[in-house]
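Chain nomenclature is as follows: A, B, C and D, assigned in order of appearance, with residue numbering initiated at 1 for each chain independently.
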Amino acid sequence: MRVISLWTSIADAGRELLRGRSSPRRARPETLAADLLSTRGDAVGTALARELVEQLKSVTPEEKVAFLLHLANEMAVDSQKVISAAETYRTQPGPEALQGLRRVAEGPRMELFRRINMAPDGIRALVSLRELLLRHIRENPQLAPVDSDLQELLTGWFNPGFLSLVQIDWNSPASLLEKLMRYEKVHKIPNLEALRRRLAPDRRCFAFFHPALPDEPLIFVQVALVRDMAAKVQSLIETASQPDNPAEADTAIFYSISNCQDGLRGVSLGNFLIKAVVSELTKELPSLRSFATLSPVPGFLAWFRDALAAGILTAADEQLYSRLQQPGWIDDEAFAASAKPRLEALCAHYLVMEKRKSRPRDPVARFHLNNGARLERINWMGDISAKGLDESAGILVNYRYHPAHIERNHEAYANDGAVVASTSVRGMIRPLTERQG
Amino acid sequence: MRVISLWTSIADAGRELLRGRSSPRRARPETLAADLLSTRGDAVGTALARELVEQLKSVTPEEKVAFLLHLANEMAVDSQKVISAAETYRTQPGPEALQGLRRVAEGPRMELFRRINMAPDGIRALVSLRELLLRHIRENPQLAPVDSDLQELLTGWFNPGFLSLVQIDWNSPASLLEKLMRYEKVHKIPNLEALRRRLAPDRRCFAFFHPALPDEPLIFVQVALVRDMAAKVQSLIETASQPDNPAEADTAIFYSISNCQDGLRGVSLGNFLIKAVVSELTKELPSLRSFATLSPVPGFLAWFRDALAAGILTAADEQLYSRLQQPGWIDDEAFAASAKPRLEALCAHYLVMEKRKSRPRDPVARFHLNNGARLERINWMGDISAKGLDESAGILVNYRYHPAHIERNHEAYANDGAVVASTSVRGMIRPLTERQG
Amino acid sequence: MRVISLWTSIADAGRELLRGRSSPRRARPETLAADLLSTRGDAVGTALARELVEQLKSVTPEEKVAFLLHLANEMAVDSQKVISAAETYRTQPGPEALQGLRRVAEGPRMELFRRINMAPDGIRALVSLRELLLRHIRENPQLAPVDSDLQELLTGWFNPGFLSLVQIDWNSPASLLEKLMRYEKVHKIPNLEALRRRLAPDRRCFAFFHPALPDEPLIFVQVALVRDMAAKVQSLIETASQPDNPAEADTAIFYSISNCQDGLRGVSLGNFLIKAVVSELTKELPSLRSFATLSPVPGFLAWFRDALAAGILTAADEQLYSRLQQPGWIDDEAFAASAKPRLEALCAHYLVMEKRKSRPRDPVARFHLNNGARLERINWMGDISAKGLDESAGILVNYRYHPAHIERNHEAYANDGAVVASTSVRGMIRPLTERQG
Amino acid sequence: MRVISLWTSIADAGRELLRGRSSPRRARPETLAADLLSTRGDAVGTALARELVEQLKSVTPEEKVAFLLHLANEMAVDSQKVISAAETYRTQPGPEALQGLRRVAEGPRMELFRRINMAPDGIRALVSLRELLLRHIRENPQLAPVDSDLQELLTGWFNPGFLSLVQIDWNSPASLLEKLMRYEKVHKIPNLEALRRRLAPDRRCFAFFHPALPDEPLIFVQVALVRDMAAKVQSLIETASQPDNPAEADTAIFYSISNCQDGLRGVSLGNFLIKAVVSELTKELPSLRSFATLSPVPGFLAWFRDALAAGILTAADEQLYSRLQQPGWIDDEAFAASAKPRLEALCAHYLVMEKRKSRPRDPVARFHLNNGARLERINWMGDISAKGLDESAGILVNYRYHPAHIERNHEAYANDGAVVASTSVRGMIRPLTERQG
């Protein structure tokens, strides 16, 4: 039984189909998009979609941005049509009027994207288009509705029911491992030996794939199987360390989770991945009793600076912050020891108390708390890389996933914005203006 | 590298998640649907969706129909909300108002279906739900909007970009071949030997699969590789016939195409399949010069009867029709020879001239003409099975797919309803009231 | 990464290599064999071997038998050379003299077979050659040394270390299942439904494959997972029976074991298969406590007849045997009830006491006892098929494989020819001339 | 359908079987070998073989060498038994006497190795045992007969009919590519980027695998697809070079061929690999017109030195040789230009005229000429790596494989030791004592 890539077949069919067209073979994307939208019939539609996808691969980035702006300006929802269709519906409600209203409220762009997705590699073209869009949205705010349309469609197409969970190890294709090295953003993988260590018997790596992008991981997580909850990431990613016996581990540490496709920003994948991996590991290693992340606190020092500017901290904090800006403080043991309690207290305060729109200010905290995790522990000198020192004075935190509490935690967070934190973390919080010792 | 079924993982995670819930483990589908719609957060949502899918498997058909009616009645679009959202948009147009209008115009049911699709086997549950719906829609016309919602969503999820084309042969799993035997509707496969003949070296069989339904063919086509265009189906499906050398074939006859999933009615798959298979066969066997179907004319005799009732035919036609109702006419050679020219003329007329809403009355003609095929030839005694005689007095027709003409044919049909037919078929048409001979 | 069938490559290379040869393309097998033996260098050797293999496929069976006789007569060990090489060795012992002695003692035929095995499909040709040989060895006893050579080589090449164990189920290729139906000899599989029942969740089927014959099962065993040791085979192979829950089974019954390749007769595969399957099932279903066969007693009635002829039984036995020759005795309940104790006693005697060359006379008993099984139970009316009644008056027996006793049982049998039997079987034995009741 | 590693099953069965044995679980290899040889019955035999294989993994290298010496001394052929069996055969020739003679002439060691091969991983243990043996055979010449036995058996088991040809590319498992880097001996692969270049679209890599060693390549060849015959290896393995379009190549250059398993020394694999790859490439790329190696001349400078010592060269050659011993001569363009003709002449002489036992003195020449290649061209500065300069003053040669001439070339070589060389190479040869220019 032979499985054939459908794309190739349809692509080849498409080429043939368009051979006789009067329009020039290589029209501009804008023209092809208009043709694609106006065609009836799937056969020609697919061929046109394929032509458009091919064109989008070959045009310059500037032309692609122009195409995006064209989509924003010329293929937007026509508010007059919406108002008129709504009026029709109001006077004569019924399925057809409703369908008409929906169609104009959605606009031609959504339909165009759906038709592009019928081309071979259509979904890849759309993901890549959105990646470019997100790089230009700041200077072109009129792209926001285009982005919103794409995100809505991609969320449906990257439904977890369509994904496969893949365990990656040292027998995985070299081409895939090479991508892992490129996509890992949290704790860089400097070379193949480092990667090999991360795929050793006491480590696990899982990724999501979509059937229409079989060679592209969407997101992957790296897990360390250890005894007791890990506090420092450097010891986990040390290339030279000896693998432990995974059967003796009682804790799985999710020490890095990386999204691979910028074009899928906002498409929820991470929480499904974490849950699926918890479930897989539980089956494989019944001895595991605890699942936790070892996570950065990317916004801590930025908040510290803002809080000083806002005058809500003490003069001692001012000095503390200055010292942190000077390289080498981490090696000044006396200073570090004296700074530790205040930094831990400030970090606990930052994670638990500081909110924006009633959600925690820290993005990593938002992600894990919304998934139902608990803020478990603050780890002094958890990540002493340059990046770790810059962002959070070297502090890392554990978020713990306890299957029996995930729903309760999630609901408390979703309903009230409650930050579920362990007693030990809560106990670290001090009034901002009070200086202990 | 291990590929794990994602469903299992998420399903197992889901079980754990719901363990602590206060609501009883096995709530009614209506309750679960309400819970699922009101939850925030993907984790619990997936668990609830899974619970609902499980429940839908275990309830009785009557309870399932009741659930469908509940969806129709209680989860419909709220026209008051639509009108009010439209008013908001009219007075203050903007992305958020538009989004709000879209949401209420879509209604809660669409959102519910999308959330069900996040469960393991969610898509299977929805396809099966729609299959049941279609069996009860006639006596429950209020289910029409539910059907419309499901069809819209399934069309997006069964996008050809997500499908795989699989060539099925005698080495395919027995469990799959068993399904083929069950799903083949055009020319029944009585036993394994008959199937084996249809998978011999001078035959081909291709099917579409979706990654979320890996064990279920969606649609399949059976192809005979022959010399010259085939006119009779019985010779193609004769179990005892000797396989020919496929390398000597110049024509591929698509003699049977079967949809397998009733729940996917209206989701366009057949035209993609035909085109993909034409492309595959061209690559495999460059000697093929012609691609054509050998198709039934399911509505011919029904139209003949209606035309007699409408008084647009002759008295001789009346006698002819009566004789066709008597068993055994096919063996009366003299009668058959005398009937042949008139029946061919009437059939040509029926296929080319008879329209409904400016489209051909015959459903198989509509399908192939819309795909860009040409009505090529009328085959007397093409299918002398009981079904063939009942439907079309044994006539079969060839629709020809010529890659270079597909688009032109399709456009003529799509724009003007033009039936592209060969000279020989056109030449058979006679005025309805004129009796030759 | 692409795995290429090596044979194709070498075959194609071979064709090219021989293109320039002066000898005619299609020489007789005898000529090709001589060429093959005399060539130096693997390249040409492989091409010649391939040519010979092709020729053996195309010649008539009579020509093939002639080739076998040629191998027997013209490629035998040359005893004069052996004696002379032995003399050389005696006077000047050393590695080279020994090597020379070995070579002539082995003879040219063995070397020829080894070279044939270098051709694509060489091993298949040799297995098929031996299959033919075994059909003609009775009338051509001079083929015995050829058979002996082939068996020695095939035993090495079908080493268990080279085999793969495959679990066959309803998802296996139809082409493989078709072979199973053809090869099953013990309890015929009449149709696909019967096979499907034998592959249901409470059944298992395992086969051995060799990498050089990937499409050919070598031997397979069918297993029923049941509660308590099964006594009757008809209930196990009943197509209409409902599958039981395999998780509740405590006993695995090996109710049929079939060799598929006649050309591998005498190559030990069955005992490895049984042991491997016991191990697999133990892992899959830890609840299994007992592993036993449900086996025929193929030689029982033949021995009964011989024993009567030899006058070692009673006159009542004479009457009993006569009655067994009349059809329908099985439905005569009174007779059957009266015959049961004596037939069980005779069968127990036959299995435990009757020997040939100090091994049990019954071939199935020899096989399982040599594997370390114990004769566990005699089952009255275990197989009431025509074959079962003909061979053993419907009696079947269980041989039990108890992992902890296999070695002890095997050694007792191997050293002393001891038949290890349960107390209940031993208790059934009566003096041959004594008639109870 | 599930394919189960047979080894695991048999291994697990084996463990169980030996549980009750009186002998200690972990006996010495010598004891286990004696037990294994004396056992009857496959069941216990396999278990013992497995135990022996496990033991051989865990003992020290010294103990393993002691075991090899034990095999040499205590399990050798018993010449008295051979002489006695030969006498029996002389007086009463017959199949049994012959069989008896063969058995004692083969000795117990061969039988032991065959039994070890029935264990899981038995063949791996034997390959590894021979690898160790070959490292110690120089100081222990009594191991020669052990080596000879192993080579004979391994040659049968690594029959090309049992191997699979695998094309390795950048999608191959990282663990396999890592092995390639380790095993490549001719032109070292310094890092992953270098390897990636060697697997680019204009390169090919093929390896042989054996089913019982699925994770171990046996031998692999690296091929460059180029225009015109390549003369310099550095340009082929240059990491930074741009891949060419393989469809435009007319020549395949086999620039490196590496045996991976030292324990398989003397088992013919390379010639099969070259032929299989020629055949595969011909099918994939019909535009290829020429197949050639780019090969080292490892013995050239060593012979030059010996020839000087033997006084058969000129005083000028003496100076030339001295200069070649001084680093940096390659950058002295004037010297290099003046040395080129004489070095080419000497190299051509060395390859064509210098023999040992009527075969070329150069091992690489022996290999390719015996395979049927022709010595095609001498390439000045073909390999200017340190190794290339040391061995052959930087000279590389092309051996050409022309399918139509392979057999003729091979036979000329095999029968007469003839070195088939191109006119250009032959034209370079000069009398040794004549100095041109």
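Here is the rule we go by: a residue touches a chain if its C-beta (ideal position, glycine included) is under 8 Å from a C-beta of that chain, and two chains touch if they have at least 3 such contacts.
Keep in mind the model is a prediction, meaning the values are calculated, not measured.
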item: Mutual neighbours - chains that touch subunit A and subunit D alike; value: none
item: Same-interface partner of B-C, chosen from the options C-D, A-B or A-D, over half of the pairs matching; value: A-D
item: Gap in Å, rounded to a whole number, between the CA centres of subunit D and subunit C; value: 38
item: Distance from the mean Cα position of subunit C to that of subunit A, given in whole angstrom; value: 60
item: Touching two or more other chains - residue numbers and ranges from subunit B; value: 1, 171-173, 176
item: Overall pattern in which the protein chains touch one another (line/ring/star/complete/other); value: ring
item: Partner subunit A, residues of subunit D touching it in the complex; value: 170-178, 192, 196
item: Subunit D residues within the subunit C interface of the complex; value: 1-10, 12-13, 16-21, 40-44, 46-47, 77, 79, 82-83, 86-87, 89-90, 93, 95, 98-99, 101-102, 105-106, 114, 117-123, 144-145, 148, 156-157, 159-169, 171-173, 176, 208, 211-212, 268, 271-272, 275-280, 282-283, 370-372, 403-408, 410-411, 414-415
